[in-house]
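Every chain is named by a letter (A, B, C and D) in the order it is written, and numbering of its residues begins at 1.
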Amino acid sequence: MSIVSITRATLVKDLRLEWRSKDAINSMLFFSLLVVVIFSFAFDPTAEESRRIAGGLIWVAFLFAAVVALNQTWARELRNQVMDAYRVSPAPANGLFLAKALGNFIFVSVLEALMTPLFVIFYTLRPLGPAYQLVIVAGLGTWALVVNGTFFAAMSLRTRAREIMLPLLLFPILIPALLGMVEATTAILTGEYSAKFWIALLVAYDVVFTIGSLMLFELVLHAE
Amino acid sequence: MKRIFPILALLTGAFLSYALYLALEVAPTEQTMGDVQRIFYYHVPSAWTAFLLFFINLVASVLYLVRRIPSADRIANWVVIAIGGVTCIAAFMVKQLPQGVEPSSVATTGIGIAAIYFLIRRYFSGDAADALAVVSAEVGVVFCTVVLVTGPLWARPVWGIWWTWDMRLTSTLILWLIYVSYLFLRRFSSSSQTAVLAAALAIFGALDVPLVYFSIWFFRTQHPQPVIGGGGSIDPRMLHVLLINWLAFLCFAGLLCWSRYRLEIVRRQVEEAQALKSLESVR
Amino acid sequence: MVSVTGLIKQFGRFAALRGVTADFDAGRIYTILGDNGAGKTTLLRTLAGLSVPTRGSVKILGSGELRSVCHEIGYMAHPSLLYDELSAMENLRYFAQLYGESAEPVHEKIRGCAALIRLVGLDPELTRPVGQYSQGMRQRLSLARALINNPKILFLDEPFSNVDIRSAQTMVGLLKNLREQGRTLFVVTHQAALLNGVVDEFVNMEAGLIVSRSPQTVGAQQQ
Amino acid sequence: MNFLYAAYAATWVIHVVYLGTLVTRYMRLRRDVDELKRK
């Protein structure tokens, strides 16, 4: 009953559930579209200037959409108290965590895949620096967002004001990663300096908090 | 027990007044900044006290979690001893320490970390460690607020700006945000295992600190801005006043923590008594 | 089989359990009765290892470490603990995987789930999502889910509430067979009448304490 | 110059406000304990 098989089974089940009733993904896609449009209205710089602030803008928009998605992480488990069925079984808690984190990673990546071209269109962005690094930064950044998001979503289940607690807990801890994402993206877009350090920081952040989550998730899951 | 408290309160009050007098009158006026530099004697000791309190919160949280599993408890002891030992050895081995940092201070920090850990482990068992975590977080946030208020008040007259993404000030702000969210979690928690959740968040907060430090440090090298208080050596008389003030602040913080701790213990007893509708647990 | 000593469960100023000490033997059906807020559900969840007691200890099958015996525990509650969008078979196959790669190959496991579904009187081939089942059907499927790993102990929290009579009677019949097979069952319910003639012992709770235990000689019911 | 006094004053205002919350919490607690003792 290895973690890998449990994670795979849970992830497959989650994806099938998502595929069956696409209402979650559709509503989130439309929400992301709204976020991009609103951001484009709020900030309408000239092409030259846009490269400098686009990094911050894109990542805050992603963060906005991701938090709304992360709040839905455990919605299905809560609807019929299915979480108890998992907690009673001998399946390891980390299996559930990894499956949910990976599920969220896919979910948020799909949102980003929709939002990015829209940003490019609205801001006529053309990265001067090495564009392939943008994908690395996006992957690392999204994982940092998702691994902590899933952990704190589980933690906020145990509180009264569930929807507001997740961002309250997540954002302070996320600041270094957010700084890393924004600075790396700006570095690549403007091509003025290399994003190597920020990518290294994101890797360190991902490693530290993935290990931290795997060690502490069981305590949080069973903290009733 | 109750009689000592007023005496200590008076003593601390006297000590604080003496420290205030030193800061305002005795300490030499700084040439470039003038008298406004005296904010330094309140800004820096408050920051050190806040960081110490947050560290105590971390230790209490780790102890609360680790004590529940005997094997984890033993591992944690060895880890702390290792941290203490390595820091001492590194202090004297590492050739170029960051400027203005002597090996002796690094070594004492290493020993200090281990000492605090084992002291708290010795005197605060299970639930008491959790109460200590609440207390140190709350009082820590109060001192951190002082730092975040006095910082801009100092930066405005000297550099003409209210806020600067200076490394120390920014990491203090982020620590403040983390521990305010910690207090929110404790307040909104509807689970009977709040202590476990809070301890997990405290550990996440601690994991975050080094990352905050490195990200702000590199952020600074790319966007250079004035540094609060400046580095470089410091006039010995100023240092003397600074340490006196820090000691006074530590006594004051100790007093605050002690009374908040008493309050927390009695609050928990009252809660338990109300829950079990019986009196024998209220001392 | 199951023993608890000095169980206290405190939620801030309210205590759901205020010092419960009891022993339960194998092969019996215990029905836990009491009005709302008496702590029935909290006691059941604490026994099942879902809720950590503030003080006191729980021993199941002689072990205090509940995680090491949880493969012997089945849990069912008023909510269905099933995914509404999945069919009966998909639900059970997923939960069966949680109980691990037992030696038997995949098709064995599928037959196991199908047998369980038939046992509770449902059709395994039914592809309708569980969300469209009636409450009675859903509760029976939930009972099937609780039986997946052939557990020795079953915790049932309000299994019959707003369930049609026919489904309830099927479930009671099942519980009787399970008891015959030597399993221990704990049923929290308000409809004690349904279990007449089947229950071995009524456990009455009030304000977080067990106030009385009335063993039933099967057949002779005082109530 | 008044920034200096403003900073010192702000420090003590924050501490006094916190002490105030401690005192009010202690009073409320005293009342709860007396209530319990009476019951």
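Just so we're on the same page, a residue touches a chain if its C-beta (ideal position, glycine included) is under 8 Å from a C-beta of that chain, and two chains touch if they have at least 3 such contacts.
Small disclaimer: the values here were computed from a predicted structure and weren't measured.
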Selected pair, greater C-beta contact count between A-B and B-D: A-B
Chain located farthest away, centre of chain D as origin (C-alpha): C
Chain nearest the overall Cα centroid: A
Where chain B and chain D are represented by their mean Cα positions, the distance between them in whole Å: 20
For chain A paired with chain B, centre-to-centre distance based on mean C-alpha positions, whole Å: 32
Distance between the centres, which are taken as Cα means, of chain D and chain C, whole angstrom: 50
Chain A and chain C: spacing of chain centres that average the CA atoms, whole Å: 37
Chain A, residues touching no fewer than two other chains: 223-224
Chain B, residues touching no fewer than two other chains: 190, 192-193, 274
Contacts with two or more other chains, residues of chain C listed in rising order: 51-52
Chains touching one another, given as label pairs in label order: A-B, A-C, B-C, B-D
Of chain B, residues touching chain D in the complex: 20, 34-36, 38-39, 42-43, 46, 139, 142, 145-146, 149-150, 153-154, 156-157, 252, 256, 259-260, 263, 266-267, 270, 273-274, 279, 282
Chain B-touching residues of chain D, taken from the complex the two chains share: 1, 3-4, 6-8, 10-11, 14-15, 18-19, 22, 25-26, 29, 32-33, 36-37, 39
Chain B residues touching chain C - in the complex, by the definition given at the top: 190, 192-193, 271-272, 274-277
Sites on chain B touched by chain A in the complex: 65, 174, 177-178, 180-181, 184-185, 188-194, 196-197, 200-201, 203-205, 207-208, 211-212, 214-216, 218-219, 222
Residues on chain C engaged by chain B in the complex (per definition of touch): 8-15, 18-19, 51-52, 54
